Amino acid sequence: MEFTIQQIAAMLGGQIKGNGQAKINMLAKIQDAKPGQIAFLSNPKYEQYIYSTQASAVIVKKDFSPKKELETTLILVDDPYSSFTALLEEYHKMISFQKVGVEEPCYIGSGSTCGSNVYRGAFSYIGSNVKIGDNVKIHPNTFVGDNCVIGNNTILHAGAKLYADSKVGSNCVIHAGSVVGSDGFGFAPQPDGTYKTIPQLGNVILEDNVVIGANTVIDCATLFGDSTIIRKGVKLDNLIQIAHNVEIGKNTVMAAQSGVSGSTKVGENCIIAGQVGIAGHLVIANKTGIGAQAGISKSVEEEGEKIMGSPAYDVKDYYKSYAVFKKLPELNQRLRELEEKVHAYKANGQSH
Amino acid sequence: MEFTIQQIAAMLGGQIKGNGQAKINMLAKIQDAKPGQIAFLSNPKYEQYIYSTQASAVIVKKDFSPKKELETTLILVDDPYSSFTALLEEYHKMISFQKVGVEEPCYIGSGSTCGSNVYRGAFSYIGSNVKIGDNVKIHPNTFVGDNCVIGNNTILHAGAKLYADSKVGSNCVIHAGSVVGSDGFGFAPQPDGTYKTIPQLGNVILEDNVVIGANTVIDCATLFGDSTIIRKGVKLDNLIQIAHNVEIGKNTVMAAQSGVSGSTKVGENCIIAGQVGIAGHLVIANKTGIGAQAGISKSVEEEGEKIMGSPAYDVKDYYKSYAVFKKLPELNQRLRELEEKVHAYKANGQSH
Amino acid sequence: MEFTIQQIAAMLGGQIKGNGQAKINMLAKIQDAKPGQIAFLSNPKYEQYIYSTQASAVIVKKDFSPKKELETTLILVDDPYSSFTALLEEYHKMISFQKVGVEEPCYIGSGSTCGSNVYRGAFSYIGSNVKIGDNVKIHPNTFVGDNCVIGNNTILHAGAKLYADSKVGSNCVIHAGSVVGSDGFGFAPQPDGTYKTIPQLGNVILEDNVVIGANTVIDCATLFGDSTIIRKGVKLDNLIQIAHNVEIGKNTVMAAQSGVSGSTKVGENCIIAGQVGIAGHLVIANKTGIGAQAGISKSVEEEGEKIMGSPAYDVKDYYKSYAVFKKLPELNQRLRELEEKVHAYKANGQSH
């Protein structure tokens, strides 16, 4: 990024006080900023820094009146914090999508097509009959199997791997090392104690606006024509396991190291904390909240439940039980004393 | 795959009713099938679909007599479901092993040898003195370190990584992103609070018919000549951790995100659920069943035990305790009331 | 490695008894050793093996006097075990650092520099403006993003991935498949139930002597200029999750599959077992010990605490409670009996 302060002020609909010609190439905090950088001042507590900042420009509230002379250029806006956030997002989008073109060597199979402004990093592998949309960024060392489809504006980070036949929507981000479409864990026990592999012939569908964290794994569905489905807007953190034939509902978020077993259907807008395990063949209602390290062994039928524990149940009840659990040795002792008392009393009673 | 119906019927030992010349390139469910695909009818509930299916062929029971006219060709067999499953397996084997030859660029070091019908994908790396058997499929972006040995019919999916000296048997599948042979976690504490790395000089052995899920990690053994060993027929799911010097016995299956700590020996034909943790230096008897999220802190000596909890013990006893755990606040309350009663009673008694 | 026995004896400050000209290329246990290998004898229990060993040389205590004739050459030292360990370390260092030079094809962007004795494996990718120190070993299929800095003697194993702007110190080891610098899991809920991605603009800093296990993930910090920091001497095992803005203190060790949530600060010299989860925004005191599968939901303020459970508290207290937990059905029964007794007694009492 390299803009003049004038260009940035125009973007933000702000007014300039000072030299609008200086160039900005980075955003920073007001106390850390260096020349060429832009900062913001929103909280009056930080006002002191504006008099010593090295930032080339500072975004301030329209009515800000400096108490001392300023070296930096001001951009006057209604809401400095949200203007700065808008700049951050703009900047992030720019750096996310700035790479374009083909670095050699890279590989693309026959019948595959790419839209405009695609980046294909060195050592990226694209199989045959793959369809890649516009602005897709395929970073180095990634693997896209035969017949995959990738929608517009989707980013595959270094070393992401899509097995053949995976479908990825638009505006998705798949982080480094993630695997989409590996075989489901299906093995049929044989009379001699060995296992026979059940062929895994389905695929994975990621709808639009899905984010997949680093080193997460999503298995394909077992049967032909079936799919493991990650619905629109789902955000999965790092090191998550999604088994075969799972469906994760719209806008559900899952924190790191959680896992969902085969054929379970997780609802929409659920919030699932880290290291949670969900058993197979369950249905989890919309808006379910699941606490960290919970183990879900049965379906959740009511919307909006908050659960915890292994096996999990109502989070408040879990904490109440756990509070008593911590006092169990004491409780055991009280029970013993009471037994003795009652025993002694009865003995006394009987000795009358 | 592209076969005529006649060829498929011959494979299945079935009889054709209709046009045997049509070509089949895919399998599908009867209700979803398209021209060029083959389906089956086993459950009478689905009979309705055979009259409208677009499948070019349907596998049916020998004695099936249609109630209406049919557009599709029939293949008559004894057991349609198992015939279809056999076709699925055949199809799966074909697509798994169809890639042959060398995609450029790829790398192979000096002294390495490959058997017949090997596939080496683009950007795959094979070090020096590696021995690769027949029909081995090395997908793109994989890494095979120096001195590795890989048996016949083994598949390494994209981005799998074998450190130097790993030995992999025949008919194994290693899924994308898995790591075999990384350093064991061995560090010796020093008086100044730092840790010194203990050199990890052993290797990993995977015997025949082993399946390793995606992004799973298996560390090498610590000492020279020692090995971390995954025995014949073991199936490991995704994101599993196998530490240094572990041995996993024949035909044991482990679900996703479980971990086994250093030097533990897991028996044969165990069934280990997801997110289980097994401590180091233990021995787990054959046929042990371990429930999800269990933490195993001591050896399991008796065959066939089923355990659960953290630390784990008998699964039925665990569930009985957990049922009371959920009522602990109530139990605590009952105890308090009883204490009060006894106290009051004693007081009354003493007031006589 | 290929040394004469004489050279090794000189290294160890030992004296030779026998032929010092034979060449050694490997270390082994005395009972397994083959010609060309060197072993040691420390424990008298193993003395029997020295008379039949095929080792070309055996390191023994200065005062060792053989009871039979020996075929092998002896190296006499003060402490055979520590001499052997020193050799092991030397050997390990040699094989770790023996690769030098550039294997083609590999990729390096503009403005990037490499020190001396660097290894860049085939299909390794180094972005632009990267600074790589001396003796750095970049194994095949790794990815180093733009502007990264890597200190001297650091090893990146196959398929490791550093996002742009990561800083790695000297003498670090990053194992295969690990990801450094992926986006933190930051999403702002919107009124319509969707989530907006919060741009992640910080980076990751690994200080010197850090070891990162295979397939571990470390997210970058959220804000510009902020860093997720792994301090000097930290050792992280495989499949660990370190979230955005976390700091792990000097010489802390974490076992496999543990996770630390956003903005938590873990102290120095902590010992954290496997599958532990630590919530966000906490401070964990120095020298805290955390038991396997513990869930840490609040800060640990006192140094040297040992905790366990989910939520975690004092490990001894946890085990005491857990002991009673296992007897809960029995405890419940005792309470019920006592209730009946008291009820009956009262009834009797009232019937007086």
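A, B and C label the chains in the order they appear, each numbered from 1.
The rule is simple: contacts are C-beta pairs under 8 Å (C-beta built on N, C-alpha and C of every residue); 3 or more make two chains touch, one makes a residue touch a chain.
Just so you know, these numbers come straight off a predicted model, no measurement behind them.
Although subunit B and subunit C share one sequence, what matters here is the overlap of their interface residues, and that overlap falls short of half of the numbers used. The angle of the rotation superposing subunit A on subunit B, based on CA atoms and rounded to the nearest 5, is 120 degrees.
Taking each chain's centre as the average of its CA atoms, subunit B and subunit C sit 26 Å apart. Of all residues in subunit C, those that touch two or more other chains are 105, 123, 141, 159, 177, 215, 239, 257, 275, 293, 325, 327-328, 331, 335, 338, 342, 345. Residues of subunit A that touch subunit B in their complex: 105, 107, 123, 125, 141-143, 145, 159, 161, 163, 177, 179, 182-183, 185, 187, 193-195, 197, 199-201, 215, 217, 219, 223-225, 239, 241, 243, 257, 259, 261, 275, 277, 279, 293, 295, 297, 310-311, 313, 317, 320-321, 323-325, 327-328, 331, 334-335, 338, 341-342, 345. Residues of subunit B touching subunit A in their complex: 26-29, 32, 88-89, 91-92, 103, 105, 121-123, 139-141, 157-159, 173, 175-177, 209, 211, 213-215, 233, 235, 237-239, 250-251, 253, 255-257, 268-269, 274-275, 292-293, 322, 325-329, 331-332, 335, 338-339, 342, 345-346, 349.
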